[in-house]
Structure formats: structure tokens, C-alpha cells
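After this come two complexes, each holding subunit A, first together with subunit B and then together with subunit C.
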Partner chain A sequence: MKPVKVFLDESEIPKQWYNVLADMPTPMSPPLHPGTGQPVGPDDLAPVFPMNLIEQEVSTERWIDIPEEVLEKYLLWRPTPLYRARNFEKLLDAPVQIYYKNEGVSPPGSHKPNTAIAQAYYNKAFGIKRLSTETGAGQWGSALSMACQMFGLECRVFMVRVSYDQKPFRGIMMNVWGANCIPSPSDKTEAGRKILAEHPDSPGSLGIAISEAIEDAVGDEDARYSLGSVLNHVLLHQTVNGLETQKQLEKIGVYPDVVIGCTGGGSNFAGLCLPFVRDKIHGKEISVVAAEPTSCPTMTRGPFAYDFGDTAQTTPLLAMYTLGHDFVPAPIHAGGLRYHGMAPIISHLVKEQIMEARAYNQIQTFEAGVQWARTEGFISAPETNHAIAAVVQEAERAKEEGKEKVILFNWSGHGLVDLAAYDAYLTGKLQQYEMPEEEIARALQAIDGLPKP
Partner chain B sequence: MKPVKVFLDESEIPKQWYNVLADMPTPMSPPLHPGTGQPVGPDDLAPVFPMNLIEQEVSTERWIDIPEEVLEKYLLWRPTPLYRARNFEKLLDAPVQIYYKNEGVSPPGSHKPNTAIAQAYYNKAFGIKRLSTETGAGQWGSALSMACQMFGLECRVFMVRVSYDQKPFRGIMMNVWGANCIPSPSDKTEAGRKILAEHPDSPGSLGIAISEAIEDAVGDEDARYSLGSVLNHVLLHQTVNGLETQKQLEKIGVYPDVVIGCTGGGSNFAGLCLPFVRDKIHGKEISVVAAEPTSCPTMTRGPFAYDFGDTAQTTPLLAMYTLGHDFVPAPIHAGGLRYHGMAPIISHLVKEQIMEARAYNQIQTFEAGVQWARTEGFISAPETNHAIAAVVQEAERAKEEGKEKVILFNWSGHGLVDLAAYDAYLTGKLQQYEMPEEEIARALQAIDGLPKP
Partner chain C sequence: MYDHLEIRCPRLGGEVPFSYCQEEGGDLPCQRVITCWQPYFPVEDYLKEKLTPAQWDRLFNQAPEHKVTSLVELIEAAKKRRGL
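Our next item is the complex of A and B:
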């Protein structure tokens, strides 16, 4: 029998996170204060985040120690296994080896707790008593709920109303972990009440939910806001995953030719690939591929520009690929990929051509996901199916080129709470979404007049 | 940092199943043909099961080789990790070490594929083209669907109508794995049509679904029936779990004082504990505890008697603890524990006082399950919460007695598809079910006149 999985001993869990800012070949454009147009300083962010996380956000130290208390919680499910997808390889019949890192083994079923645990710890250490956040499909909200429970923090999650109604299981999960999950727009905030007054039946949006969560946190000195992707410190925390993977591959004497992940805000992709990006910057030949949806083609069709992180324009301006902060993506089932922008770190690396981005349509991703489930067994999150579609494409290319390839990808989460999406696919009810050029042009009007990077 | 998990290398996966029949201290009462009252022979079972599985059902060989093809599929998720529940220990504040085997990491999320894979393999090897089965809550149906897909067999699952409607996710899971999931009673069988004619709105029952699945299989020479618990060969396949656990505990130099599992038909419990029962039979001091629901108190309040495995009286008579084949348990959320009988092997070992059974009420089990989720992170299946309730009880006893104890239990599955049950608990809507004496007496009338063991 040929080996399928590579485990690490708990003693081998990485003790530091990797900060790619230390190795950036060119300087990144700093976040700007929307009022002054000047780079934001730590004090500007102090009402929103605790100072220890703000320090991490701007740090250029290459290695940052993972606190003992965080490691202890990571060990509840980490190190996660690295698998070889032998059955899927057989189905594809291409000259490829396919390895995947199984982040679905965490209690909420995704990579999200890698940063949720760290953020809860740092907030607690800073004396904060309550965290407020938003969630779309619910992966992030459930991960932060668990983390807050484990560090004795209160947690309030503003969940986009339409998802709250469509996916009740995620909200229940948050309740099991003791959090308060509120459909957004809500009457708890000025921002929410304003929307409700105009649109009592508003289905909500991630933009509105972010505005509510920030307002809720900023108004209470014992509370802070928490974000599950996009920011530097969030991507930093996720690198524990890629660092584990490097150790696992080393054990079996394998190095990937291609590293793949799906991208919404960029955090699961960054977590796996940034340690490999470091190798690439130091001369290693390797492709790093971000898989995004054609319905929200941030990097494949948006410009690199300064834009707000939220619809209500409350965040600093970030230099990133964006479709405009007003952009409302089609209601694809991969809710975690429905974000108009992209992590500045990922955006910068794509702009510098160290990474590349490709877009996949919804039906294609479920096709890949069902093939996956029927060979490897595991049912993937709709987001993860985008990475699998990219794997299929890479395998086809290797076959055409007659070239052997080692493919590595992040199996960022399972789809056991997203089965309705599979039902829609299997019964032919799934919609294809491609963005018309005019619609993208219209959305990009939102960034007219903002500073340019 | 103290270790939390023990992994096995893939090369350490057990290569044989353990057959407790080789070590039984007293002879078991054989299954009887209901017509003749005589022990059933292999030929009686041939229309229902393939001969290679019938041979396993009656084998008294101590060790039975696991075929290479089965091992290969096991490796998709096995060996499963053994965890130490340090955070839960801390909460309980008792002189106990708590270890649990995480069977929730399999693709369908439970221990069920351990036998599903084996049964699909043996049927395929015997030339069978289609399997038919029933499922209650859906854990078994989804596991067999995956296994059939992997061995190229068709799969038809009769799912109790009320569960089919209440838990659509399990049915979708079966579809993802290519199976046909039919709400029962259905118009596909004589048995189903008969019920529908009398009760067009029948919510169905496990008894009816079994009758439909057997009828559906027996009428087609390319098809056979498959059962997910109770029978000897099913328990045999599950022992891969306990054998792994013994290796894992050996690695850290630990031996349990108590082994615990929840029991519906008995298979997950058997899988973990039978290898330890072997030690006990050979002189080791160890308690082996089965945790059942107070709403279906088969072993704690039923007699040891001959009874049918199904409501329609189509199976052989099995010598087991039973509440009578007509017994319809209250609609608790732990659907997998709603079975009137108990595996003959488990029943015999309880009768011989090698194992003991205890009953836990629904609210108590969810209380334990929520405490578990808030400390260990993982959300357990409602069935598994019965085992956790027993762990809590053991810890309390150890505290009272001031005695150190090592507790081992089977975390038989996650509850991510059962979150509605947690919602009911958290919102105070969960019902307590205790069986009135009269109701049990009434149910037991069904076995009046049957042979006695």
C-alpha cells in the first residue's frame, strides 16, 4: 500500500508564524486615511483593534512567535494531515501527484480558527472583554465564536440576513459555542437602523454587516472588532498551515511545482502559499495560483487600486485588486468568495507576478467537487471546489504538455453545512454567473476620485 | 505543552479484524429460523447476504484478514487520531484522564464506513451489482452510499420518511455519492405500498424501512441487502477501531480503567471495546460501559430474549436484549440509538456481566455535549453525547471515591448535520423521555410465544 497521509507529531507544530513583509521584493503601498489621504498610523486603528494586533499588522519581522496559549488551542486539531489524493489522480489520468492539506478537520470545519484563536488570545491579553464581527456564509463567525468561548470573551456576530435565513446551521453552531448571532441589518446599530428604515426587508450584505460590527465595537471601550481575512495579521496567523505543509513534504522528499488555493479575501490561500512564496522570492521555480469565482473576478478583471474594505466606507483605503466597494457579487454558494477586494499582500504579489489568478465558474467548480467526493470521499466546501477546479485544469495542462507535475492545494474546508448547494447542482438548478463588462465598469465608478497607488 | 493527540503511521493500520466469538467464555444462543425454530444455516441467508459475508457472520476464527482493497479505502481517513480531552478534564476537575477516539474524521463523519467499505467490497467480490439498505438518521445510508460509489456498486437507501423530511442534508450527501435515497414507506415495494394504502401520510419507521430494503434486495438476483449494525460481521469490521486504539495507547504507555461507547445496535461500541473485552476475558481488570437512551432502554430495562430484528418479522430470531419488535421509541434526536434490540454479541456479553449498560436522558446528554463543544471544540453527534454523559458520570464517581481513573470512549461521530437538535436544546425545546413501566410491558407482548434462549 502506498502512503496517503503525512502526519506531524504535535512537537513538530511550528512555533512561529511567517511574515512575508520581511521578504517583499518591492515596497507595498500603505493603507491611507480616507480623510487626509495620508498613511494611517497605529493610533488611527486603536478604537478598532487592540494595540498588540496593530503592532503585528505593521510588523516587518520575518518570524513572529506563536504564544504558548495559542499553540495549546491549535493542538486541539493541529497539525492537520497532509493527504495525497491517489484516487482523484487515478480519475484524472494525468502525469501528476496531487497533495492536499486538510484544514477541514478543525471543529468549525475550516482554516478560519487559525486566526480566530490568535485574535481572541491577543484581545484577551489586551484586556478586551467582547469581540464583534461580521460573517457571510458563517465559517468565520463560527470560528470566532469558538475561539472567544475558549478565551472567555463575549462574541457578537452580525450575519448577513439572507445567509442567516438560508443557513441556520451556522448560526446554531455559533450559539453552541456561546456566541450571539444577529441577522444584519439589525436594529442594534445606527447603520443597521438606517438601512431598515429605508428597506425593512433588506437581505443585507457583507458591507452592511461590517459597518454594523465596527460601529458596535467602536462604541464600547471593552470591545474591539475582529476581521477574518484581508489584513496582514490575519494572513500571518494562517501561515502556520503552510509551514506545517513544508515540514510534511520534506518528510516524504517532495516539493511542489504548483501551489493552489481559492481566494475570497485571501487568507486560506495565503496561509498555505506564503511560505512557498518565500522560497520563490529566493529563487525557487514554482507557480502559485489563486482560484477565484467568475462571478466575483477581483484579480482577473479588477484593477489594482486604492479602495475601501467595506461598502459604508468606514475602513482605511487599501491598495488592492478591487471591483469597487459597491460591488454586490451574484449569490453564488461559495459565500466566502463574495468579496469585492483582495488582501493587500496577495494583491501586491499578483501585481508583481509572483502569484497568478484564474477564475472558475460555479458549475465547473461543483463538477470538480462531485468528482472529488466520489473518489476521495470528502465533500468540500463550495469555496474549496474552486481550488479543485484549478487542480483539474493543472492536471489537464500537464497531460497536454506530457510533463510530470507535483500539485499542492489547500482543502480549506468541508461542505457538510453547504449541502443545499450540492443539491442545486445535482438537480440542475445551479446558475452560471459571468460578469458583463458594463457591470464591472459600473461598479468601478465607486473608486473614481480615490487616490491611486 | 502536553500532548493531546496520538497518531499512527499508515503502515501501523491493523491488517486483521478481531473476532470476539473466538474468545467467548460461554456459548451464544444461535439465530433461529422463525418458521422451524431451528438454528438458521448459511443457505437460509443466501438470498439476503453474499456467501462470503455469511461465512464471516458464523466464523469463529480469532483473526480475519482485512483485504488489501479494503485497507486501501480505509486509508482515506484511517488510522483515526486518538485524542486526550485535556480541556474537558479541566472543566470536570476530577482525578481522571480522558481519551477519545475520533471517528468523526471519516468522510460521512462517523464510524459507519468501517463496515460499509468492507460490505461493499465483499458484495462486489461476490459478483453483486446493487445493494439495498435502510437508514434512520442517515449516518449509515450515507456511509454505504460512499462505499458503493468507491466499489462501483449501485446503492438504494430506504430512509425513514420523517427523517428524510427533517434531515434533508443526509439525503443530499447520499446523492453526492451517487446513491438513490427513497423516503420510506415507498411505492417501490409491496411492504411499502401496503402501509401507504392504509396510512398515506405514514411517517415511516426503521422497521418498515428494513422490510422494504430486504424485499427490494431479495427480489433481484444481482442485489443483496446490507445492514449497518447488530450482526456479527458488522461488529467484526468495526474492531479495526479498537485495535488501532490499543496501539495508540501502548505508544504512550496508558491502559484504560473504563471503556465507554453509546449503543443503538451496538456497532460503534463494539468496534472500540471488543479488543479490550478480549483482555478482560483474559484477566485484565477493566469496566466496559454501554450508554443507551432512557427513551429506548434496551439493555437496562428489556429482557434477554429471542426476537425479530425488524417490525415485519422477516429476519431470523436473534437472542438479544429487546424491547419487542413492535416498540417505537420516542422521537429523540439521537436517531441512531432508536432500535428496539441490541447486537447479539453485546447482549451476550452484558448477560455474562462482562459489560454493563447504563441509560441517560436526552437533556443530560446535550448538556454534556455542549460542555464538550465549549471546551474541546468539536460538536458531537447526539448519539455520541450519550457516551460523553457516561464519561461525566464516571468522572464524578472518581471524584467522590478520590480514585484516579483512565477513561477511554468512542467519539463515534460529529453533529454538524444534527445542529437542529442543539438548537432545540439551547432554546429549551428539548423533551425528556422516560419510559413508563406499562409501556415497556405492553411492547414486550410482541415476544410472547417466541422461543426462549
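Our next item is the complex of A and C:
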């Protein structure tokens, strides 16, 4: 019987988080105050964050101790198991070993509590009595609700109205954990009331919900705001995942060639990848891939050929499925769009070419997710399916190149509250965009003179 | 005419109509609107007709704001609303 899972004993849980800012090869630009143009200081953020978290946000210490109280809560589901996806490997029939870290075993079913627990603890330690936040589909809101309950904090979650109506179960989860889940826009804040006065049927938006959550915290000495992604301290807390994974891989004498995570704001990706980024900065040969969403047509319609990895032709020639290096999908014409909303740390590492971002369309991701469910059993969160699509692509590359590879990815959460999205895929409501043949032919002219793999 | 079309929003994690994407940024569409919709209909042309050049520039030609900077903006706006 071949082993499938690698466990750590509870005593082996990492006792420190890893801060990649200590190892950044080039400094990151500081955020500037929109009014003064000067770097944002602790006092600017004090109305919404406790000072202990602000200190972490700007810290450049490499290792930061995880408080005992946080570790005690982590132990409810951590260390999480590292799996070998033997059934999926068999399906792909490629020379790859696929390992995945199962972050879906947390009570709310995702990686989000790794920072929710820490943030609730630090707010409690600072004397805060209530946290306010916003949530889209509810993954973050439910994680923070649970964490607040564990530390005796009141929790108020402004959930975007359209999601609140579509996904009542997430709201119910928040209520079970004792939080107050409020559809946004609401009449609880000036920002919400203004929107409702103009658009009584407004579906809300993340922007409105953030405005409400911040307004709800500002000016109340007992309240603060909490954010579940993007910020440095959030990514820091998530590194407990990657640090555990390194210990687990060490136990079986394996080191990955490729590390993959899906990225929206970047926290789950960072959690697994940043400890490996540290290795890469210190000389290890490893690819770090951020799988992000796009609606662009699938690249697999192009041939597997040698091409430059970028439009500027600065990378070495890479064997890949390609539509030509000068193929720029219309949506990407608009500058800066691709990294909108991504964590500054991740954007910086992509810019430094320490990690790379790859985009996958929703059909590809659901195809991969359904294949995954039918082999490994677990139904993934739709966002997690982006990482699985990247795994499939890496396996296909390995097969084409005839190279053995060890692939590691973050299975960041289950999709049991997202079954409507699977239903849309299974019933054909998601449409595949078909790029016209003449457009493909035009794009491929760019690789005419390059060698073939 | 496109308002009823639906897509999965990667930021929200759920299905939304195009009408949502047009208002996601308050007086502006979501910054991802072209990335998400262009394959399905010529949203770039549609928005060029609908937005003023200044709005277009603000939405698509400026680098995304640092999250901390946007938080500070929101804090200042919230303080004003609360008379602080």
C-alpha cells in the first residue's frame, strides 16, 4: 500500500511565521499618503488597525513568534495534511509527482482562519472589543466570525448584497459563529445610506462594503477593521502553511520543482509559496507560479512550441503551448489590469521575476476541478481550481518535454458552498470563448522562425 | 443591452450580471471589466463610448493604487462622514 498523506505531530507545528520582507532582493516602494505624498505612517492606520498588527505590517524581521494563544487555536485543524495526488497523477499519465496541502480541513473550509485567528488575537490583546470587516462570497467573513467568537470579540460583517442573496449558507455560518452578517449597502452607515437613497435596489460591491466596514470601525475606540488578504501581515500569518509543508516534504525526502497557488489577493498563494521563495532567493532552483483568473481564450489552442515567455522577448526560449509571444489578448491592452488587487509583495516578486503569474479561464478551471473531484474526491473551491488547472498544464509540459517533475500546490479550500458554480458549468451555462482561426493564425506568425521542441 | 449577461466574478467569488461590473467602482466600472468580458462581447468599444476620456484614463491607464493608500483614503473619507 503506497502512502498518500504526510502528517506532522501537533508538537511539530511551526512556532514562528516567516516574513519575506527580510529577504527581498530589492526594496519595495512604501505606500504613500494620498493627501501628503509622504510614506504612510502608523498613525495613519491606527484608526482601523491595532498597533501590534501595524508593527507586523511594517516589520522586516525574518521570523516572528506565533503567540501561544494563536497556536492553541491553530491546533484545532493544524498541522494540515500534505497529500500525494496519486489518482490524479494516474489520470494525467505524465512523469510527475503531485503533492497538495489540504487547507480545506479548517472549520470554515479554507486557509482564511490562518490570519483570522491571528488578527482576532492581536486585536483582543490590544483591548479591542469588536471587529468589522467586509466579505464577498463569505469565505473571509465566516473565518473571521469563527475567530472572533474564539477570542470573545463581537464581529460585524458587511457582505456584498448580491452574494448575501445568492449564498445564504455563508451568512448562516457567520450567524452560527455569533457574528452579525449585514447585507451591504446597509442603513448602518452613512456610506450605505447614501447608496440606498440613490439606488434602493443596489447589489452592492466590495468597494461599498469596505467603505461601510471602515466607517463602522472609525471613531469607535472599542472597534477596529480587519482585512483578509493583500496586506503584509495577512501574508505573514499564512506562511504557517508553507513552513509546515517544508517539514512534511523533508520527512519524505522530496523537494518540489514547481510550487503553485491560486491568487486573487494573494494570501493563500503566499502562504504556501513564500517559504519556498526564500529558498529560491538563496539559490534553489524552483518555479513559483501564481494561477489567476482570466476570460482569455485557452492557450492550449496554440501548438506546443518554443517561444519567449514575454512580449519583450527577454526570457529564454521556453517550450510551451503558445499563441505567439506578441499575442496580447485585448483585455490586457489596458495597462496594470492584471495585477489589480494583488498583494504588493506578490506584485513585487512577479516584477522581480522570482515568481510568475499565469492566467486560466473559467472553463479550463472547472474542467480541471471536475477531473480532480472525480479522481481525488474533494470538490474544490472554484478559485482553487485555478491552481489545479496550472497543475494540469505543468503535467502536460512535463510529458511533452519528457522531464520528471515534482509539483506542489495549495488546495486552498473546498467548494461545498459553491455548488451553484459547478451547476452552471455542468449544465453548459458557462460559455467557452472561441477565438477566430484567423486571429490564431495571425498570432502564430510571430513564432514562425523559432526552433521546434 | 448586455446588462443581463452573467459571469463569475473572481473578486466576489460568485455569479454577477454585467450591470454589476459597470457599477462596481461606484461611478466607474470594475477595473477588471475588460479582462473578464472582452472575450464575450466588445466591451472595450462599448466602454469607450460610454465613459469620458478622463474616466477611461482613471480606470485603465493608471497603475493600481497601493492597498494601504486606498485604505488611508477610505479612513479619511469615513472620518469626514462621521464628523471626526
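In this section, the second predicted complex is superposed on the first by the 384 of 453 C-alpha atoms of A that agree within 3 Å, B and C clash if a C-alpha of one lies under 4 Å from a C-alpha of the other, contacts with A are read in each partner's own complex, and residues count from 1 in each chain.
Keep in mind that, in the parts below, contacts are C-beta pairs under 8 Å (C-beta built on N, C-alpha and C of every residue); 3 or more make two chains touch, one makes a residue touch a chain.
All values derive from a computational prediction rather than experimental measurement.
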So, does A:E190 touch the first partner subunit B, the second partner subunit C, both, or neither?
-> second
Scan A:N175 for contacts with subunit B and subunit C and give back first, second, both or neither.
-> first
Based on the superposed arrangement, let me know which partner A:E244 touches: subunit B (first), subunit C (second), both, or neither?
-> neither
Touch check for A:F378: first (subunit B), second (subunit C), both, or neither?
-> first
Using the superposition on chain A described above, determine whether A:Q139 touches subunit B (first), subunit C (second), both, or neither.
-> second
Touch check for A:A420: first (subunit B), second (subunit C), both, or neither?
-> both
Thinking of the overlay built on chain A, is A:E103 touched by subunit B (first), by subunit C (second), by both, or by neither?
-> neither
Of subunit C and subunit B, partner touching more subunit A residues | C
Classify the contacts of A:E394 with the two partner chains as first (subunit B alone), second (subunit C alone), both, or neither.
-> neither
Contacts of subunit A common to subunit B and subunit C in the A-superposed view 420
Listed in rising order, the residues of subunit C that touch subunit A in the complex are 6-16, 19-20, 23-26, 30-32, 34-40, 44, 60-64, 66-69, 71-79, 81-82, 84
Given the complex with subunit A, which residues does subunit B contribute to the contact?
-> 1, 3-5, 7, 9-11, 68, 71-72, 75-77, 87, 105-107, 109, 113, 146, 149-150, 168-169, 172-173, 175-178, 370, 373-379, 416-417, 419-420, 422-423, 426
Touching residues on subunit A, where the partner in the complex is subunit C = 29, 31-35, 40, 44-45, 47-48, 57, 136-139, 160, 162-163, 166-167, 189-191, 202-203, 205-208, 210-211, 214-215, 218-219, 227, 230-231, 264, 292-297, 329-341, 343-344, 361-362, 381-383, 418, 420-421, 424, 429-431, 433, 435
